[in-house]
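To keep things simple, chains are lettered A, B, C and D as they appear, and every chain counts its residues starting from 1.
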Amino acid sequence: MSSKLGTLFRVTTFGESHGKGVGAVVDGCPPGLSIGEKDIQPQLDRRRPGQSRLATDRNEADQVTILSGVENGRALGSPIAMCVANKDQRPGDYVDMRSIPRPSHADYTYQAKYGIRTMSGGGRSSARETIGRVAAGAIAEKFLFEDYGIEIVAWVTSVGTIVAADVDETRISRKQVDDTAVRCPAKKVAEQMIRAITDAKEANDSLGGIVSCVCRNVPAGLGEPVFDKLEARLAHAMLSIPATKGFEIGSGFAGSRMTGSTHNDPFVKKEDGLGTASNYSGGVQGGISNGEPILFRVAFKPPATIGKAQKTVDFAGNEVTLEAKGRHDPCVVPRAVPIVETMAALVIADLALQQRSRGITE
Amino acid sequence: MSSKLGTLFRVTTFGESHGKGVGAVVDGCPPGLSIGEKDIQPQLDRRRPGQSRLATDRNEADQVTILSGVENGRALGSPIAMCVANKDQRPGDYVDMRSIPRPSHADYTYQAKYGIRTMSGGGRSSARETIGRVAAGAIAEKFLFEDYGIEIVAWVTSVGTIVAADVDETRISRKQVDDTAVRCPAKKVAEQMIRAITDAKEANDSLGGIVSCVCRNVPAGLGEPVFDKLEARLAHAMLSIPATKGFEIGSGFAGSRMTGSTHNDPFVKKEDGLGTASNYSGGVQGGISNGEPILFRVAFKPPATIGKAQKTVDFAGNEVTLEAKGRHDPCVVPRAVPIVETMAALVIADLALQQRSRGITE
Amino acid sequence: MSSKLGTLFRVTTFGESHGKGVGAVVDGCPPGLSIGEKDIQPQLDRRRPGQSRLATDRNEADQVTILSGVENGRALGSPIAMCVANKDQRPGDYVDMRSIPRPSHADYTYQAKYGIRTMSGGGRSSARETIGRVAAGAIAEKFLFEDYGIEIVAWVTSVGTIVAADVDETRISRKQVDDTAVRCPAKKVAEQMIRAITDAKEANDSLGGIVSCVCRNVPAGLGEPVFDKLEARLAHAMLSIPATKGFEIGSGFAGSRMTGSTHNDPFVKKEDGLGTASNYSGGVQGGISNGEPILFRVAFKPPATIGKAQKTVDFAGNEVTLEAKGRHDPCVVPRAVPIVETMAALVIADLALQQRSRGITE
Amino acid sequence: MSSKLGTLFRVTTFGESHGKGVGAVVDGCPPGLSIGEKDIQPQLDRRRPGQSRLATDRNEADQVTILSGVENGRALGSPIAMCVANKDQRPGDYVDMRSIPRPSHADYTYQAKYGIRTMSGGGRSSARETIGRVAAGAIAEKFLFEDYGIEIVAWVTSVGTIVAADVDETRISRKQVDDTAVRCPAKKVAEQMIRAITDAKEANDSLGGIVSCVCRNVPAGLGEPVFDKLEARLAHAMLSIPATKGFEIGSGFAGSRMTGSTHNDPFVKKEDGLGTASNYSGGVQGGISNGEPILFRVAFKPPATIGKAQKTVDFAGNEVTLEAKGRHDPCVVPRAVPIVETMAALVIADLALQQRSRGITE
């Protein structure tokens, strides 16, 4: 179990779905940063279940408390510990699934790895684990905005086979994203997505999808080749989110089908120095940000917990038919949006501090 | 610059394209491992340029020397330092490109990040940097094979728009992969790929492609949630390889278009316990290996250095037309095959040692 | 601020003297370990203030709550978060010292480092910070005892110039140590120490002292040369405790005055293999435990916060006379005893897991 | 085996006494630093054996070669790999000691830890391992001097029972230190020390000693509480040097015998802000440098390898008499001087970069 992330902006998260609480400790937050619970709660609210009929019925306020590291609204430079209590637990929902490892869930692998697992629910593999991340990410976002003007916005690009093609990543705002319950800013496509998710829920089935993300105003120079390239750290962070299956930056997999003469981003003179005319690179060259918007996409699989009957075997190898109970999302991508933003913020904050240590004038 | 990777199986690489040498130090190799230069050289030979007409003309023997950590063919448990001398340097090739940041290359971002860059060539952003990785990876592979029987095989799945669909990942071997110059085991498709690369070379252009990889016999239990999940560590490692733009595991991006009832991998009884009937998960559930083959794909962009004329600007912002000289591959994926295997081996070796520390009987 | 310790048994602590709470997250505790609040509370009770008239009057129950990572009395392998609420705060005590950096305290350096500091008290430099350590250390101790039979016992060897010479480190127990309020097992000397501390308190002054520690049943093979030698990690851990000025292992500084022929520990045959006839090495050779008891000593300075008038200057450089208020210990060594044990346990647990990953049969 | 040190200024060392070479990779050196072999060689020359009749007869030039990371005398920001060839090997000297673990040496513990050890000599536990450290330290020193004016000077304070009391640490220079073969600047005492070492050598015995060190011009603000306090990191680094048994900073163990009213360092107004009138703190308060000289001492045991006959047992438990052959120093402290300086430089450079990342104006 490794629940720590980062070299200078260091995060440790904790908490299972059904213990007393979940949370995070941020060690290395720049001192003096103006920060408080009011800066953290909004992203937790965007992440929490029960926001709309598209999400699980589990409804918790997820109110964050800062335990340390902040005084009079300013970060002291010491660890900022944050906690969110677990309240709405219904372990009974899971009891009869105890002897059956849910297909494509973490029951089997947690048992193999730890030789023990929680009596009910997903334990540490639950989506509830991401609360600590989001709380930490909100602090990273505040720092990045205050010190660099960095804006990070994610949105739903696809749900199942329904794709939103035309989103202007240079302008899109969180407000626009939140305009639809599915967090897709293309409103007509959003309606189709909502219908598809509603249909899947009624069919006791689930759907996958893709989240896109843009990070604007990231200064040139962030990323630590050769192993901690910006895209490597982003890929690491994104693939640590539950239910993710893929990551691509800039041209991504489509770029593998292009020629160099088309794919290369020519340099052009811009106001504050050089920029590029196109952005197939996705804001990163040689593992280092180049000042252009950072653009990436994350693929999410359909949630493994479905009500629909599944033929599988129990731990003893006996054939069984499983109809999962418990609350779960028919599609995770709307709620994944703030989590993707969070992970991007954590990575960029850490790399910004590392670059700052170098003393190069940006 | 972060040139270290791993928590217990730790690798530090060093070396530019045009200095005295490149190499790696492996700190944490299990003592007693039978290892020697003869175990390392083959993968370096598969990586080196000049193997076929598909690769750069730069031709170096890339002979590895072990400086420490091994005695009488056995690892001592102390750091294994390895060095490969740089011989075939032609800095003159690059001199007139000095004032022009090559589009989609690392010239501009290295200058922004470090305030200095090598006088010629790519320096640390050169593909030559990967020699140290491959030398280290060969040690990891030996350990994984000896202790677990793990086999790692990568191959070229696509070059540009040419795709090899039918490859049996449960059986494919490196010998089969190396049967064609392009390292695609589907021979007819391979011929088309070779033709496409030759055409691109003649057109002074370049092509992207996709490398697939399978890791067989990985025991259940590897991966460290929540941040060092197996797929997160693999994504990190793969996106640290030069020219990569994407990573997907199991169903990947295609999985985002599926329903849960189709995507879930039902458990079935197998000889040595439970397995899964399908493998959309790609051998990983909840961030932990489940004993099934680990399957992933890596997207590579077309190389940025092309001979074809490109309109761009120099560092001062003046418009120029650039025709890059210097030696370079028209398509990197054939030589990327051993590098992808290497990075997978480094990740899995590190996670295997971490799991071993837990004392859970596998 | 770096509040993390350890590679595999990883601890992150948090909390100031005057915030909502203090605590720790233990990431990497071996799964299945039998652990609960009842295992942690005793060491916190030994650490807490108000135990006797020798300590500060600040009296807090310091009751620990486990927030995560444990279910039904067993560690799940996930992060164990622990919290102790802050209750007895009297910030008013410190208000008028705000403009004066207390001599030999952390006020001046925290301001220089972070550009900000807590309004009152020591903030993160307060002894209260050590609560998180002790909670984490209790888990490490449980693991070490269950898996290896390791016993760690510290005691007060000196207070000021009063020294307890004859303590049999092969047998001493915590019970014996706790027999006297000053935690010195040599009862007559203990009485003198108590008198000296009482005198110092009455004189509004403070006293330093030395804590000795023995770790028994540590298996041979722990310690990671060349930089993470066992003694290096112990020295690191001990010098991170507030108010420490020195560390020595085995013969220590006295060993520097000896000859090799006297200092060398000859090997002898023992029941379970080789041992040594003497133990000037202090249980460590070449940075690795040799199976003999690990013996070390830690020097503590007299507490900086004293009621006695001190001539100094304020932040503006004006000469002032300072008579510190607030509660504070006249001598920290009795309460430092469980903290020294804690830090030893954290180091040894981490090194034990690292050695276990190597798969060498002990 | 952990041969890496540092978070931002990261060092990995490699090499045994009897392999092809020893060296280090410095990852994270600030780019643009003026650095070359000429800056590194002098400290290696001060470290190397054969400098005087006080040291081992092993005589090697220990010429360093920079393999990477530097171009035209400037650090590129990429890893700086350095290698020193092993030349003067005489494995035959050790062959007949193969079955006998040398008392207080690392033979027994390396075998226990790794299940394997080098056929001859100390392998990784040899003093030759420190070459990599010193090469890396020379780079750290250059950085610290260029960017902060930091000067680090160590000297021999005692050999056996002979102590040099009066050394003015505010002025002492390396040139003064090197004036005597024993590196004690108090010339008359130095003569006694030299005689004592010569006598010990003739008696086939060895002597311990103490090295003192001062670091001047260290800015206030370095050190990362609570676990990476400056003194904790120094203690770690010093106790990782072979043959060390103790570390103390400022008042050290003597401070434990003082009262707070005497020990506290009153603040006074100085030219560039506040300073302290006395320096019992040793330049560190609350784990953070306060701008005053950093003062510490390191205790070295007498070398374990002595020619004098020792009664011990072999690995099988049979009683034997051992008269060690091979070359070895009768007293290590003169050669330890540059190693102590090195380790201090590595620690301070790493902490300086960490503080720089915080963006606090010093």
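Here is the rule we go by: contacts are C-beta pairs under 8 Å (C-beta built on N, C-alpha and C of every residue); 3 or more make two chains touch, one makes a residue touch a chain.
A quick note: this is a predicted structure, and the numbers were derived from the prediction, not measured.
Asker: Chains in contact with subunit A and with subunit C: which ones?
Answerer: Touching subunit A and subunit C alike, sorted by label: B, D.
Asker: Please flag the chain sitting at the greatest distance from subunit B, going by CA centroids.
Answerer: Between subunit B and the rest, the longest centre separation is with C.
Asker: Quick one: subunit B and subunit D, Cα centre-to-centre, how many Å?
Answerer: Here the centre of subunit D sits 39 Å away from the centre of subunit B.
Asker: If you average the CA atoms of subunit B and of subunit C, how far apart do the two points sit, in angstrom?
Answerer: Chain centroid spacing, subunit B to subunit C, equals 46 Å.
Asker: Approximately how many whole Å separate the CA-defined centres of subunit A and subunit B?
Answerer: Measuring from centre to centre gives 26 Å for this pair.
Asker: Where in subunit A do residues touch two or more of the other chains?
Answerer: 1-4, 7, 13, 31, 77, 113-115, 124, 354, 358, 360
Asker: Which category does the touching pattern between chains fall into here: line, ring, star, complete, or other?
Answerer: The chain contacts form a complete graph, every chain touching every other.
Asker: With touch defined as at the start, can you tell me which subunit D residues reach subunit B in the complex?
Answerer: Spelled out, the residues of subunit D in touch with subunit B are 1-4, 10, 12-16, 19-23, 25, 27-28, 31-32, 65-72, 74-81, 83, 113-119, 123-124.
Asker: Across the complex, what residues on subunit B touch subunit C?
Answerer: Subunit B reaches subunit C through residues 7-8, 30-31, 77, 353-354, 356-360.
Asker: Provide the residue numbers of subunit A that touch subunit B in the complex, in ascending order.
Answerer: Against subunit B, the touching part of subunit A is residues 1-5, 7, 13, 101, 103-106, 108-110, 112-115, 124-125, 129, 158, 160-161, 200, 205-210, 220-229, 231-240, 242, 244-253, 255-261, 263-269, 273-274, 276, 280-282, 284-291, 299-306, 308, 310-313, 315, 317, 354-355, 358, 360-362.
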